[in-house]
Every structure is written in C-alpha cells, then in structure tokens.
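Here the chain labels run A, B, C, D, E and F in written order, and each chain numbers its own residues starting at 1.
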Amino acid sequence: MRVRLVSTSHFAAAHRLHRDDWDEATNRRIFDKCNNPHGHGHTYGLAVTVEGEIDPETGYLMDFGHLKRAVDESVVRRLDRRHLNFDVDFLKGVNPTAENIAVAIWGQLADRVAPGRLVRVALQETERNSVVYEGGAP
Amino acid sequence: MRVRLVSTSHFAAAHRLHRDDWDEATNRRIFDKCNNPHGHGHTYGLAVTVEGEIDPETGYLMDFGHLKRAVDESVVRRLDRRHLNFDVDFLKGVNPTAENIAVAIWGQLADRVAPGRLVRVALQETERNSVVYEGGAP
Amino acid sequence: MRVRLVSTSHFAAAHRLHRDDWDEATNRRIFDKCNNPHGHGHTYGLAVTVEGEIDPETGYLMDFGHLKRAVDESVVRRLDRRHLNFDVDFLKGVNPTAENIAVAIWGQLADRVAPGRLVRVALQETERNSVVYEGGAP
Amino acid sequence: MRVRLVSTSHFAAAHRLHRDDWDEATNRRIFDKCNNPHGHGHTYGLAVTVEGEIDPETGYLMDFGHLKRAVDESVVRRLDRRHLNFDVDFLKGVNPTAENIAVAIWGQLADRVAPGRLVRVALQETERNSVVYEGGAP
Amino acid sequence: MRVRLVSTSHFAAAHRLHRDDWDEATNRRIFDKCNNPHGHGHTYGLAVTVEGEIDPETGYLMDFGHLKRAVDESVVRRLDRRHLNFDVDFLKGVNPTAENIAVAIWGQLADRVAPGRLVRVALQETERNSVVYEGGAP
Amino acid sequence: MRVRLVSTSHFAAAHRLHRDDWDEATNRRIFDKCNNPHGHGHTYGLAVTVEGEIDPETGYLMDFGHLKRAVDESVVRRLDRRHLNFDVDFLKGVNPTAENIAVAIWGQLADRVAPGRLVRVALQETERNSVVYEGGAP
C-alpha cells in the first residue's frame, strides 16, 4: 500500500530580496518593500511530504519521529533564527525568494528521508502566501 | 524549476440554492435548509494555485503581490459583501452551489494570472466543507 | 475549584446592515458595503464560555455534550442557513451587527447553561473580526 | 465539470502500537513511546475527498450533508471515543498506525460515497503529523 | 510593565472517565461514551499563561525557551503518549475529566514558572471543547 | 451594552535581540540564538482589542473597517517588511523582544481607536509563543 506522510515544522528567519548585480532602483522596482535594506522576516511554515509503501511488519511507511529528525537536522536547525542571506551555507548566492528556498530545502532533504521518497515541499511565508515544490523540471 | 504558488483570500457573501424552473417542494427537497427563501451566507475561504517556472532573474514564479491583486480585482471585490444570486455579473443564471462558484471563479481568473498558469481553485464554504476545481472536463 | 468551559460552534447566515428609519444615503454612508440591498453573509464562529465549580462527584463543571446541545438548540439551529434580518424571532427589529447578534445570543443562552453561569459570548464574523460580550452594562 | 469535495471530521480515540507476535523489547524498540502498555490517544482529524462530475440539474457533485452522513456513519461514529486496538470491528488484527488506519478508513468508505468516487483519505494524528492515502497499490 | 506570556504545547494521551466506586450503570449514564471500557484519547492542546513585569535589563518577562522547558518537563513529557488513568503519578486517583486535568496541571506548574506567576491553564480536548483554569477557589 | 471588538492582522519583520551596552558573551548567553548577528524574523500575528458601548443608533461599538485602518496605519504599515532594530521610529532604542514590541504597539494605538478604548494587544511571535499586554502598570 502506497501512502504519503506529511511532517510540518516552523522556523523563524530573516531575509532580503536583492541581487548584488542589479542597481538599487531595479532591486527596489522588482522586489518592492521586500528589498528594504535591513531585511525583514517570517515565521515560515514547512510541510514535507514523503511517499512510499507501508512496511507490512511495522505498519509504518517510516517512523514520524525519524522523519521529523531528518527535517529538523537537515533544515530547521540550519534556518531557525537565521538571516537567510548571510547565515545558511546551502543558500549561499541564492536570492531567498520563497520559491528558491523551497527548491533549496528539497536539495537538503531528498537524500535524507529513506525509505520515504521526497515528493513535496510546501513553504508558507505569510498567512496568505505559500509555495509548493514537487521536484519537477519544466 | 517548476513550482506552485498558493494565494489565499476570504469573502463574505450570501446565497440561496434555488432553481426558478423547479417548484417549491422540489427545491426544498433537494436543497433543504440551503433553500430558505431569504438566503444565508458564508465567509468563504479561497485558495488559488498557479504553476510555472521560476524566473532565474528574479527568483519568482511571479510576485505574490501581483497574484493577490489579480485575485482581489477579478474575484474578491466582486463577491465580498454581495448576494451571489443577485449581485454578481459572472454568476448570473448560475445556481450558486460551492461547485458552481468554484468553476465560475476559475473562469474569471484563468486569463489573469500570467506568467502563472491557473491549476487549482479551492473554495471553503464552512469549517467542514470545501470544493476543489482543477479545470478538468469529465 | 472554579473553572470555565468553552464550547465552539459555527453557523452560516446572511445579514444586511440597515435601518428602515434612515434614508438610503445615510444607510450607505454608515454601513457601506454591508448595506448592499440583497445582503451578504458569513460563516460565523461562536465560542460560548460558562463558569462554575467542578462537581467533586463527576469531575465535571457540566457535561460538554449538555453544553453543546444547549448552544445548538438555543442558538445554532435557529441561526444556521438563515437570513438574520428576516428569519430569526429573537433578532426581530434588531440591526444585525456583530455586536447586536452577540448580545442577542447571550439573551438566548443565559438561562440555558446551568449549572454553568454564562460569562462570555465571542462571535467571529470574518477571519479578521470578532466581538466579545461578557454581559456587562456600561 | 469534474470537481472534488472535501469533508472534514474529527474523532477522539486511543491506540497502542504493538504486535502480539513480537517480544516486548522489539515492540519497544520499534514503536518507542507509542508502545506504552496502556496506550495513548489522539483527536484525529479526517479529511475525505471525493471526485465526480457536477450534476447540471442540481449544481452538486453530491450534497455535502449526504457525504458527511456517509463519513459519520461509516467511520466517525465507529471510531469516536473508542480504543482502536479493541473496539473497532474493521480494525481487528490491525496494528493501528496512522498509515493502517487511513487504509482501513478507505475500505469502509469506498462503496459509500456514490455518486462521488473516493480519491483521498487524509488523517491528521497530531499537530505535526498526517498521512494521506489515495488508494494506490505500489 | 506587566505583561503575560502564553506558551502552547500538545500532548497525545488516552483516558477513560470512570469512578471505581460507582456501578457500571451509573458510570455509563454519567460519562456516556467517554466511559467506554478500553478508553479513548485526544491530542490535547495546552496553553499556559504567566504574568509578570518586563525586566528592564533584558526586555523579557522571562525567556520563552525557559517557560517552554518548564512546561515540557513538568507536564508534556509526563503526559504525552500516556494513559492518564494509569501512567501519570500526579493524576493518581483523579478521574481525568478535562476540568480535573487542567487543575492538576496547574499544581505541577505553579512553582516552576518564576519569575512569572502562573495565571491560566487552558486545555483543549477536542476541536470544539476546552477548559480554562485560573487558580480560582469558589 | 459594553462589548469588545478584536481586529487581527499580520506583519513580517526581522529583529535581533541585542544590547549595545553589553559585551558579546553576555548578549549571547542571555539571548541565545535570538542574538545571531544578522537577525532573524517572524510573521507576527497581532490581535488588537478595544472596549466600549454599543452605539444604539448604529449597533456598532465602532466600524470594524475604521479599527482596521487605525491598526494598519499606526502599526502594520510601519512594521511590515521592516527590520525592527533599524527601520521603525517608535522602536528606536528598544530591544525588540515580543514584550517590548507589544508595549510599543500599545503606545501607537491608544489614541487612535476612539470611540473604542484600547484594552489588549496580543502579539504572536511563533506558533508556540505569544505576549499579551493590557496596559497595566505593576
């Protein structure tokens, strides 16, 4: 039987949307108030989904605690209470839009959730906005 | 990289489930308390999902603010504080079930969310009930 | 030991803010889009709080099921899928603002929640707005 | 027009993760604190999704009230305030992991939601963890 | 400046409402389905509120992390994945109604939250029901 | 009749807990990861409560839209997408703990909500933590 597990977490981080290779006016025009020089932040909500078969021995796809630890170690501890433009190795050189963060989180998790198979990273940035990445190339 | 953006909104509207070409008994039998003559209402929750590629220049599929404005202008402002049986041009002649409203909202939005591609309209009617329309023909 | 129980419910209703003894312009100026002629509606959230002592025999202030039934019978069934300007006896002649509805709900419940004592009616009208009435005179 | 309806419910149940054919040490190692001898419990959240065409006569895929009753009768009333290891016929002999419960709920509902077609059972066990079953074989 | 901090947690536990000194019929009549022999359970939500002055040095009433650890150690770890009728020392001999659990949690926390002063324990049992205890004698 | 209105909002901001007059070790010991040099951030939830009498003419304590605009203009627009240590005039020289932010928001709002009387500012920093300020001196 194939099922999906969803594990949700939160992390509090600052970011600033900005490209160093653009002038200030362009940065301001494209990223608007999200380009404010000192940055701003969010309490991001993260929902990670893995897919796989139920192990007939345990009745688990995988232990939720195991999945939670993988997400905490690979992602949450490295992002929580950080500035995403400066403090996170796997975001170096990345403009931290919600889209880019979701894709980067996928990269950190894809090899860490066996026997599950990573199928979805959903990142909620505000009470109105969220991004979903399912690993798809165009 | 292909991602999805989800933008959520709310609108407060009245409606009455009713067909003018049915007699009262049939209306009452099929639509039950939702056929009450003076109508009732909901604080509808709306979640609009668009899909597309991340623009490597901006790191955006599209600006969340742009998507929010499209939803506000095309849908929310035209439905909020309205009676769906009387006040909304794009619902004229439509029996305003949640299913029909979701399909009608799709029609208003499909051409307004470029460079995103509309892939999902989810409409929550009560704390228990919601409808999802993904543009599918049978 | 004195405790409080909170029982939450929902009802879907239409309303229109309007005073028959005012002219149209005044109604429109004061109540704005909430004065639209055909009305609009909300999925109202209702949280009723009662206070009292824990019965040492049962460990209950009162059975949650008993409180729920009191709220359902006195309030929810009479408001759900109704138009508050036309269909509800205990709102006859009342301009159905959230404030007035909360006070009117108090009137229906105050004698129905023994051995609890009604101490709070909280009515959520939209995702942003709610009213709290605690029975207080000025 | 093909749409999906989602009906959400809750039930409060106890369970213990345990296999009678394993020794205590193995049960404890695999199921950890979820193997505590007396069991523990959850307020499970259940979201049932059905898919189908909108009936052009009614504007409904199906009446939400009808779907709610099917879920209540087939699932919620049989699980609410029960111990899943002892009290539920359709879980007899099943180790009540969230995965296995979701699959078993599917079995109870698949024939009860016509004219809808069951496409998704989502079961939330805690504020962090949920399982999704879409009927898929490996 | 006097402020309040609210720290929220969850725990998953089983319970059965039952008095050993009552006969079965009385237990069943009073506690209804909550008296089912094998018990049932909930994902309880817990919101602990403390009051105190803001320390002008730190800008804290107290560190949220410190409050969270106090709640985790004194309450959550001792209740999570437990059967409240059997497994919890500070509930021995207590009929685990939501009211009684809230009062008992107060007893465990009152001396552990300095420099805050415990003023409120709110315990959510289901999506509809919660209890608030503020330490009050009748 | 005296009632309370609650208006909720959100703002996304960065902050760093830090005192310039302390050495780095002390800052790190007291504020821990919230002292990270580049700051972090939150999607703050804000619930503003005002109290007053229902105007018998309008049935309003005050128009929710009026209260919302007061909160938006005095608070939300000045905090949203900002770094609280650098960008906000009314937080100059304030160590932006949740406690201090809540008190400062009170100061901006107290004169702006007539005919309501400000009675409560609740600020949610994370999914687990919130602060309540009711204007009280010790």
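The working rule: a residue touches a chain if its C-beta (ideal position, glycine included) is under 8 Å from a C-beta of that chain, and two chains touch if they have at least 3 such contacts.
Only a predicted model underlies this, so the values are computations on that prediction, with no experimental measurement involved.
Degrees of rotation, nearest 5, to put the Cα trace of subunit B on subunit D?
120
Subunit A-subunit D contact: same residues or different, taking over half shared as same?
different
Which integer distance in Å separates the CA centroid of subunit B from that of subunit C?
28
Measuring centre to centre with CA averages, how many angstrom lie between subunit B and subunit E?
Using C-alpha averages as centres, the distance is 41 Å.
Would you mind pulling out the distance in Å between where the CA atoms of subunit B average out and where those of subunit F do?
33
Identify all positions of subunit C at which a residue touches two or more other chains, and write them in rising order.
125, 127
Any two chains that touch count here, so list every such pair.
So, checking each combination of chains, I get A-B, A-D, A-F, B-C, B-D, C-E, C-F, D-E, E-F as the touching pairs.
How about subunit A: which of its residues touch subunit D in the complex?
It comes out as residues 1-9, 49, 53-54, 58-61, 63-65, 68.
State the interface residues of subunit E toward subunit D in the complex, per the touch definition above.
Subunit E residues touching subunit D: 10, 12-15, 33-34, 36, 38-45, 80-83, 85-87, 125-127.
Mind listing the subunit D positions that touch subunit A in their complex?
17, 30-32, 94-100, 102-103, 125, 127-134, 136-138
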